[in-house]
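Chain lettering (A, B, C, D and E) follows the sequence in which the chains are written, and residue indices restart at 1 in each chain.
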Amino acid sequence: MILDVKNVSKRFGGLWAVKNVSFSIAENEIIGLIGPNGAGKTTLFNLISGYFPPNEGQVLLNGEVISNLPAHKICQKGLARTFQLVRPFPDLTVLDNVAVGSLARYPRLPEALKKAEEILEFVELDKGKKRFGSELTIAERKRLELARALATEPKVLMLDEVMAGLNNTEVNEMLKIIRAIQKKNITLVVIEHIMAVIMSVSDRIVVMNEGEKIADGIPKDVANDPTVIKAYLGEEELDLA
Amino acid sequence: MYKKGLSVWFIVILLIISLLAVGCGGKTEDKAAAPEKVKVGVILPLTGNLAQLGQEVNNGFDLATEFVNAKGGVWGKQVELVKGDAPDATAATSEANRLITREGVKVIAGSYASAVSFAASEVAERNKVIYWEQGAVADNISDRHLQYFFRLIYKASDLGRASAQYVAELAPQLKIDPKDLTVAIMNEDSNYGTAVAAGVKDIAAKTGMKVVVHEQYSSKTTDLSSVVLKIKQAKPDAIIATSYVPDGILFWRQAKENGVSPKIMIGNGGCHNMPDFAAALGDDVNGVFNAGTSSTFNPDGLLPDAKALFVEFQTKYEAKYGRKPTAHAAMGFNAMYLLLNQVLPQAGAMDAEKIKTAAKAMDMPTGSTIVGWGVKFDADGQNTRAFPMIDQWQSQKVVTIYPKEFGLTDKVTVPLPAWGKRADVGK
Amino acid sequence: MEFLKQRGKSFPMVAFFAVMIILSFIIKNGFYQHIFILTLFYAGMSSAWNIVGGYAGQLSLGHAAYMGIGAYTATLLYLKMGVSPWIGIIAAIIIAAAVSALISYPSFKLHGTFFAMSTLAFGEVMRIIANYWRGLTNGSVGLSIPFKPSLAHLMFEERVGYVYFAMIFLAVVLVISSRIKESRAGYYLNAIRENEIAARSLGINTSLYKLYASVISASLAAVGGVFYAFYILYIDPSGLMDSAISIQFTLMAIIGGLGTLWGPVVGAILIIPLSEFMRAWLGGVGQGLHLVIYGLIMVVVVIVSPGGLINGYKVIIRKIKKIKA
Amino acid sequence: MNEFIQVIVSGILIGGIYVVVAMGLSLMFGVTKIINFAHGEFLMLGMYAAYFIYKFLGIEPYTAIFIITPLFIVIGMIIYKLVINPIVDRKHEIQIFATLGLSIVFQNMALFLWSADFRTVNLSYSTATVSFGDITISLARLIAFLAAAVITAAMLLLLKYTYVGKALRAVSQQNTAAELMGIKVKRIYLIAFSIGIALAGIAGALLMPVFYAFPTVGAYFSLAAFVVVVMGGMGDVTGALIAGLIIGIVESLSGFYVAAELKEAIYFVLFIIILFIKPNGLFARKEAK
Amino acid sequence: MLKIENINVSYGEVQVLHNVSLDVEEGEIVALIGANAAGKTTTIKTISGLLKPTAGKITFNGTNIAGLSTSKIVELGIVQVPEGRLLFPEMSVLENLELGAYTPQARKVRHETIKTVFQLFPILEKRSQQLAGSLSGGEQQMCALGRGLMAKPKLLMVDETSLGLSPIMAKTVFESIKQINKTVGMTILLVEQNVHWSLRLAGRCFVLENGKVVLNGPSKELKENPHLQKAYLGM
């Protein structure tokens, strides 16, 4: 198992944002993490990536406990992430944005820039690489964010809604990129909203609701799980009269 | 990270502009080379925290120049003061450089504030220009053995010695042996206050007076109650204070509020002889002593020429500025007048070496200037015949009482009456 | 010289210093030389500030303290033990670096105004300590350095010596600045400035890099302090470590362009001559008039020019490029 | 023991003055998020206003507050329109330097117009005291302190019970939502700024009987006021009151028991330490996001 | 009632809305649906006057409101309940509601309005002295809705009410929206990510994708639309 999440909980004030969540990810899998808004997906990402420590439980990367390490250490150990609200560095160029990522592995700038160019080519963002982070469209920003995380050469890459706000063509392109990333032997954890999309790309799906894991399995099983349907789609027989 | 090729041209353009500015400046220098007027540089703090006293000195400088110009100027030419504003040492360096190299002055008068004097006189020395210091008192300014530096005023520690000495002399009137006299020293912590306090301590050690409290504070403070309380606790017979105007007012007001009532209160210039000080305290100012230069002593103690000038200065000053000259204005006048009326005519030309020789040759007895001093410079350019006088506030006016020959009155009130009962001091 | 080796990138630097050297031959008038020296000095100080304030985005308002530490260290070593200021520079660097490391580490938890205010308070504390610690610093009486011109004493008979020294100081700061800017550290600092959370997620030890920027910046400011002491030859706490001086460094970088290599230099080239000439022209006219105008210019420039002159210029270039494209 | 109480009392009194000066600053910051580095200069102008009103109209400073308040509201509006409005949405550093430039302008304008003389009004109550046993309290400082309490209370009432006050709080907490409620945010900024300036003017009038006006007087108080505002948790009225008193007491204690020269340094150090422990001020309820 | 014709909106140099047109008739519930960042919030921010369109026309009851200030638009009767609720966290529930009635005309009748709001959301009356920041998510959403109603709007725009709410809570909130529409006769423009809810709640829907309206029509028809099913319902 490359990533083990063991009984992780996080409390904000009196509320449990994440409650006793456990799952494991095998190498080179694509895991879909879904759930309605406010289910605790992003909080879970923040816990795993070291943005804040869990109140309870442990996270292990390649068998090593990482749950009390600072975020930068976790990244250096090979776990990278993107943010739901994209955070490109607005006053840096696209190339420089990605170079910040690749510098984690290639301390010398020329090499880092070369690697960054390669990655930009890989995500097909190499055309406008001299533009500033603030000048990109939403789709480009998402891709930039992905490229930047990829540039840190992670073993595990966690993507937080990289397809939100994209149109169909763009979603398909992104899916292509995600599959290509998988081919590079990188394990992926993907938070996504749109069921159809996540179903098609994931090897396995973890469903969360109100901070808890409510399902974990292959897409087909999960899609037919009545608890999931109820949580995710809401009660169909709602009376709005 | 960014293509810089073009931004460099931006800088180059800026440089060209500054080059042009320099080019224009060169012409000014040519103008200075053929002067129609006698140019004398002035460096004073005209802005910033020390602006008030700087302006007083400036008034004195201006009036002295008017006097001399009215009499036909120097060498038959009118005198023009070229002024530089120097609120701090860096600005002093700038202004000294400007006056010397762009305005071409050979003598600079200044500077009241010691930090300004330090920096500006250094530049003058390096450029072999005379620095004529009228009122900066820090001891070590003249310890640098500069060749072109002359200081008319006494050192700060000598001021402190004078006030402490006077306190010791008053002890018998309080029926206290000077050895049993308890003294509180308080001073603002810039070089002026610190140096004065050192002089006070020196005399205290010599006379055996007991320093029961020594408090130093920043003149920029908003509250002196802790200083006041400490002094109140120690119950000293005398307080020897060195303050600027704001903290001086603050201290005495808070002292009054807390009922601090020493038998003797003496200040050391800077604040305690300023009209603003009296305005803030009203009748409670009466009875407070001040050691320092005086502008209100008895001119009968002066030599006849000096006396005439003293009277003329007093009336003309009041006519021009609408108020009586302060000691700082008088010192400014004195310094500039000596320079324009004695030193430069004696030197015969605007040449630093000649001016230096003329200044070194000066030998004026005590009582020959409008502040009572004589003039005789030692090897370091320190005037050996400057001395502070002692004043007492009476009827909200500064009245000189010591040395005797300059005293306006023999009526000296000691001990200090209680707060609110000081209207009759000196009567 | 080191920076000549940097292929095409060093062209602006070479061009700049070529112009500076030419200027050093042209400017013979002492006052202009003095302004020239001050401009180079302030450009260096502001560039040093820019490493932490611009690159890393930590708006420090206490850098005069480091200048003071540098000035006092070298001056005291020289006056009390006869140590050459060249060695004093090294001592100044060590002490300033240590102090900045000590204060910076906890203060980087603070953001925005809170950080700025804490550095302002730090600067004031250092000034008050320098004033109070009379046994060491001679307090407000200040320290005056006797003028004994020689290269070993860092004092020059001809003012042009100071011009070259200031130029070397600026060159060193600029080379270090550009080296940082064009390296991992520079990228990391920029990333921290732009978005600290994202920076952390990319494997950047943000505290460490901020510390690094702070230490280098403080060390360079201390070197500037040594230069200042041996140029003015008199130092005192209120003249050297006043918060107004810290603010000057910041102002130049902001006027010129925060976080750009040349911004602080442009800022200094504009502000120093401006304020010096204003004082020269108007200082004797009316008390304070020159500063009223100086203040007005400052307000107007800050309001009108977004993000400094260099950035304003960049925006224009960007627009031009767009039209062309 | 008595001396200790006296020291504490003095501290509370000077703290009261800091509170008056800081209150306007805090309000401005809370609502507009701008730190007004020229606040001390508005205090200075307030002192001059009180001085000239006394000198030429014979109206005592406390009464002059009724003239100064409307006058300074107008001044505040003008300055807001000219300087603050253009920078209100800009970066911190722009705001800092615009207001800093303003302070240079005002300081030297005062110097140019009124010279560097120290102006005092010497009133019967300038040095009058009230005594409780051995403890003496300066009357004018006591009045300033009581005014601080009254101003704090008035501010709290204004903020709590009036629509304008609620709008001020709304804008300071969530300005987008406030705008969506139909609140003219820019006008609220204008109001906050004008009230802040008026409070600086009032502080000037309150200070005039105990202090003295001169061009750089603002700097003597503004640094302490900044510390109070930041420590109290930007924009928090009660926080500013408590922080002001803490600073005053610490200053007084350290001045008496340590050294008068170090008292400012000591409260600065305290301030830095507090920030290290509570990075958003002593009374910040939430972590700023 | 509200008519938007071909508006374009940009953030800086990035255009986010392209020729968006939509209309709302009096008394109906219209939903604006689409994925994250499709431009829904931008659209209603533009209606509220927080953003200015670079092209196009917005009329409300015949008045052109494009480019008017937000406060003016609120006075005209368009009120937005913003995404993320944006309550004033350190003010009480009551104060939050009172601030809703900021415009002069709403302020006059605020005592009556508040009664209606408390009837709709009894929990708010119970919590009226509590700080808004201390409420639970659902309560906060109700408070935000109540605050919007306090302005006496003619058109209430509700942005992402269900965001961050549990399904049960979301259900309650949706029910109350329906209630508001029914009892008060309030016109409502709903912005939602949750397509199921929107289709059930609204009479008509507009679907935004990448800043363009790609579909619109009565909810019943849209429900059968294969594109919508594929893109949003995972069918």
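Assume a contact is a pair of C-beta atoms (placed from the backbone, for glycine too) under 8 Å apart; a residue touches a chain by one contact, two chains touch by 3 or more.
In this text the structure is predicted, and so the values were computed from the model without any measurement.
Student: Could you tell me which chains are in contact with chain C and with chain D alike?
Tutor: Of all the chains present, those in contact with both chain C and chain D are B.
Student: Counting only C-alpha atoms to place each centre, which chain is farthest from chain C?
Tutor: The chain lying farthest from chain C is E.
Student: Give the label of the chain whose average Cα location is farthest from that of chain D.
Tutor: Computed centres place A farthest from chain D.
Student: Among the chain pairs here, which one is joined by the most contacts?
Tutor: Top-ranked chain pair by contact count is B-C.
Student: With centres defined as the mean C-alpha position, give me the chain B-chain D separation in Å.
Tutor: The computed centroid separation for chain B versus chain D comes out at 35 Å.
Student: For chain B versus chain E, what separation do you get between their C-alpha means, in angstrom?
Tutor: Distance between chain centres: 74 Å.
Student: Counting only Cα atoms for the centres, state how far chain D is from chain E in Å.
Tutor: Using C-alpha averages as centres, the distance is 42 Å.
Student: Could you list the positions in chain D whose residues touch two or more of the other chains?
Tutor: 108, 111, 115-116, 215, 259, 261, 264 - these are the residues of chain D that touch more than one other chain.
Student: Got the chain C residues that touch at least 2 other chains?
Tutor: Chain C, residues with two or more chain partners: 128, 131-132, 182, 187, 190, 287-288, 290-291.
Student: Using the touch definition from the top, which residues of chain E touch two or more other chains?
Tutor: Chain E, residues with two or more chain partners: not present.
Student: Can you name the residues of chain B that touch chain C in the complex?
Tutor: 1-2, 4-8, 10-12, 14-15, 18-19, 21-22, 25-26, 29, 42, 46-47, 51, 55, 82-85, 88-91, 93-95, 97-98, 100-102, 114-115, 118-119, 122, 125-127, 138-140, 144, 189-191, 194-195, 218
Student: Show me the residue ranges of chain C that touch chain D in the complex, using the header's touch definition.
Tutor: Interface residues on the chain C side: 59, 106-107, 109-114, 116-118, 120-122, 124-125, 128-129, 131-132, 247, 250-251, 254, 258, 286-292, 294-299, 302-303, 306-307.
Student: Flag every residue of chain C that touches chain A in the complex, lowest number first.
Tutor: 182-184, 187-188, 190-191, 194-195, 197-206, 259
Student: Taking the complex as given, what residues does chain D use to touch chain B?
Tutor: 3, 6-7, 10, 13-14, 17, 108, 111, 115-120, 122, 126-129, 136, 138, 210-212, 214-217, 219-221, 224, 248, 251-252, 254-256, 259-261, 263-264
Student: Which bits of chain D are touching chain C when the two form their complex?
Tutor: Going by the criterion above, the answer is residues 35, 83, 86-87, 90-94, 96-98, 100-112, 115-116, 215, 223, 226-227, 230, 234, 259, 261-262, 264-265, 268-269, 271-272, 275-276, 279-281, 288.
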